[in-house]
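Okay, got some structures for you below.
The two complexes that follow have chain A in common; it is paired with chain B in the first and with chain C in the second.
Then we have the complex of A and B:
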């Protein structure tokens, strides 16, 4: 007969699950450094079981490295950096002691992710608005919505999830938590990042009379090699953010300079190129009317609405144009839908002799390259 | 088995790996000395050291074709500053502002451009999988891709060198991720899984009419462990029939181990480590001390919570609502604490333990130690760069954009400082420095 197992012992089944609870337990490693005497084998004639390097490694792992073996929930547990000249070494967010420029940045917590999904999908707010509210990049918001939707679908289908893994990872790395009700949501990341344009890399000596006001608009024109704005046009621009509205309505209105291969659009000021240009107008309004907070926010909302409507319209127009150029053919009794698009025979699409390798269709007399040596067949994009 | 070729102690090279050998190498790494060496030698060493970490699986010629001297960077803009003026103040006078005080007094940190020298490699699928913490090394990530465990935008992708485009969504099979990041099985667990396999094979040979036998077993395993937790002495007798005593013994041993681990990390080392009861009571006492600090719980609130949780967990177990109170009793009796009252905190902890137990059952058919726990030394390597958005629940991630440098920080994770990355960057320029 099998021995009886007492209930008290069994109740300890709880324990492995309690180890990763969120209450942080401090670690204290009894670092009893094994003395070097232990390792010296002066009078031994048997072959060493370990090399010197391995011995050092295991010694390190049992002393300094022991703290890194298991994580403490809610804290990062990286290699401690070597103390610098000032003697301060405790940098908890730098995983590499040798690299001071790399920081382990926080990720979105589970609650915050769900909140993003709720605001975008259920409350039907725009990505732009949610991005400003929560301080999350717009691309990240789109990705979060995509991922949470996928997760919900997988849960509904009963597919396997890796929940303990997710919990452990979120315990190990810093996270941005969702703020309590009534509190201000801390920003997750900077949302108005201006990408450095390659044409601004050049150092240009450009003499300007001291009497002239040289603005960001002018600087952009100089960098892209465009002629100076005419005075009549320049006077109309009181602030570089005035250009935003027109460009959002019609991005093709940006001026072009150069010919042929070197044709490029004039570099726009930072006010236009940042992801949230509408926030500048808001700041200007706030400064101009410090006592009319409600009117300012209302005007901001109107501007946002107008901008989104313009963007939506443009998207629809592009979609309609695309649809128009594609002819759908669905033969009777067939499960296929053929989409036929007219080939355009221009120098750019088929090359000078009409037989360029990127030209559409099979070309008589031109062998296919795909079996040749050294031809790379790894896909460059996967359609979603 | 550890890849002996790639993590050697004598060379001390740092790799994209979570192994303890690599951790030791990382901890003892020192910037190579430059004095007494020619510029060429310095660049050569910097290149060798950094290439051992970045794209060690990529041939040198392949990497040279990928290298780009152009480095992406961004400047975070402040809208208040942009609104304040149109830029004419900065360019006034002789081109740098009229007086010193007119410009912004913010001290702008330099952008570490050369830290981004290996940014093109971060686009590779195998590296991205490693960065998303889905594999314990880039080589393992590569294996996952080749073995067909990875999809990109929903399609199976078998090329580890596929370069992700911004917006690409990649997903790894959760079981592989749990295997890669989880603790390995002990010898005992391996034997257990062997026996399980043997048993299922026997069952199949005997009667082919029950194809879902093993699945049922797995489900019952999880339920059994739950039941074991919740039931009291008399109910154990009935459940014992289903489960082998060896299995129970093994479970107990695992728990004992876990307890020791907890205690070795806690402040009080006075606890006896031989008897489980003593340990558990110590833990409960600690809990009680914590509870005493907090405000006393309200009865009505507790009841409401109880109802909530019972509603939430009904789908998993039909007997939960009834058994929850039993679990309380069991937990309290095991610790020999007064059974009369249960605070919110204790309740929360038990609730969390129950849900975790449901999510993380003991299952010997899995290739990793169950219940799942992170592998050793994982936390020292755990970080997720900002150019990835990861959902760990489904083991999927989106490659948002290419990594960028910004004032004071670079997004490419590299263990080397600028003293190494700058000569390495110079090495790969067409017109070499």
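Then we have the complex of A and C:
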């Protein structure tokens, strides 16, 4: 697709109204806003003079603001910030000079998002691999694929798209461009971020003898209240990222602690929980064998392939299990299909009194909270 | 007294949702039943995750049923009501009831 950057100058739609004749706007203000000052003048026949602030505004619009009336395509049209103590003021990502904490984040450019779609859907690469290649978060990759899919469908159906709007917005905000051939693709955002786990919020005083090694694996066990690892098991783990392979292949291998409702899985080290755990192994390899670039890359690719195969297999198994528990019935002469799901109404699934909140079906004698304040009714997630 | 397998309506106005329950035949619809053995959502759902809207897919209705409990209660003589009979015949637990009408 052709780039959406246009050579033609676009003008800000709001500015003509601001610079229009002042008498009409003042009269409308005096009729609608009964401030004490205006009340005192209501029998006066002299035209109200401009307020000081308003005069300053028009003065600004005719001098400094005039430069912002037309924006340069491909560049942000933000107010220039006041130079700080060091005298540098060229910060194009801060739209509000008074609020230095607000940084406008860049969005994916048109080419980059189309490239994401091509790699995922047409070249059949995994979301994980594309995320690492283009430096985009995996969730964003998934969202982009869905949205581009939707856009293509709308185009195919001949539905109108608001392209001028998209074009105008893309021209005025910072974007991450797709790298040219041979260039290195800049990272759009950090891809390996990890939200703080709620169970790490507790401040725990846990004395450990100096002679004992205490790693992230042990810290996770302390946070989740699990007993210390056996020495034989702990000695086998040379680096916390060693656990990744096993857990990806079989997530049920993570140990459980606690009983009943309080049962929880042992908190794993960050090396396991991050979105791209395989990058740690890659970095370790790179450090260990700085001269064998190709071998390291190949080993990384192999690991990735193995991991993806395991994940794919697991997904298929789960899907098959789900399908097996659902019976599809298509009655003759009916407008609808029926899906009959196996359910278990036992003491474990409905609780001793039959009113467990997780039990299938609706409860007896328990108020439905569906109309309470703050209950979210719209879907909050998309099933993959 | 007769035990019936019947539907108990839940849900708000215009959004019915039923529990499939085993209850004494003369107890109230909203009374606490002997046992809940399933659910039935009569509001048809559209299959999601379809990349092509143009293909015609039939909407579906969801039933959840504990087959083991249903079989047990049928075995001890609980009588399904007509709507539950229809659902159970689709699940293959009872023979389909002969229709008393003929479609044109």
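Please note the rule applied: the second predicted complex is superposed on the first by the 242 of 384 C-alpha atoms of A that agree within 3 Å, B and C clash if a C-alpha of one lies under 4 Å from a C-alpha of the other, contacts with A are read in each partner's own complex, and residues count from 1 in each chain.
Please note the rule applied: a contact is a pair of C-beta atoms (placed from the backbone, for glycine too) under 8 Å apart; a residue touches a chain by one contact, two chains touch by 3 or more.
In this text the structure is predicted, and so the values were computed from the model without any measurement.
Trainee: Please name the chain, chain B or chain C, that touches the greater number of residues in chain A.
Mentor: Looking at chain A, the partner in contact with more of its residues is B.
Trainee: Considering only touches as defined above, state whether A:162 meets chain B (first), chain C (second), both or neither.
Mentor: The answer is first: A:162 touches chain B but not chain C.
Trainee: Applying the document's definition of touch, where does A:330 land relative to chain B and chain C: first, second, both, or neither?
Mentor: A:330: touches chain C, not chain B.
Trainee: For A:199, decide between first (touching chain B), second (touching chain C), both and neither.
Mentor: Neither partner.
Trainee: Once chain A of both complexes is superposed, is A:185 in touch with chain B (first), chain C (second), both, or neither?
Mentor: A:185 contacts neither chain B nor chain C.
Trainee: Quick one: classify A:378 as touching chain B (first), chain C (second), both or neither.
Mentor: The first partner, chain B, only.
Trainee: Looking at the overlay, does A:265 come into contact with chain B only (first), chain C only (second), both, or neither?
Mentor: neither
Trainee: Looking at the overlay, does A:62 come into contact with chain B only (first), chain C only (second), both, or neither?
Mentor: neither
Trainee: Touching A:114, do we find chain B (first), chain C (second), both, or neither?
Mentor: Neither partner.
Trainee: Please report the chain A residues shared by its interface with chain B and its interface with chain C.
Mentor: Dual-contact residues (chain A): 383.
Trainee: What residues on chain C touch chain A, complex-wise?
Mentor: Going by the criterion above, the answer is residues 10-12, 17, 19, 32-33, 35-39, 44, 48-49, 51-53, 58-67, 69, 87, 90-91, 103.
Trainee: Under the touch definition given earlier, write down the residues of chain A that touch chain C in their complex.
Mentor: It comes out as residues 149, 153, 327-331, 333, 335-345, 350, 354, 360-362, 364-365, 370, 383.
Trainee: Name, in rising order, each residue of chain A that touches chain B in their complex.
Mentor: 2-21, 23, 25-28, 30, 51, 53-54, 57, 60-61, 64-65, 68-72, 76-79, 95-105, 107-108, 113, 137, 139-140, 143-144, 146-148, 150-151, 154, 159-170, 172-173, 189-190, 192-196, 198, 208, 210, 213-217, 219, 238-241, 269-271, 274, 276, 279-284, 287, 378-384
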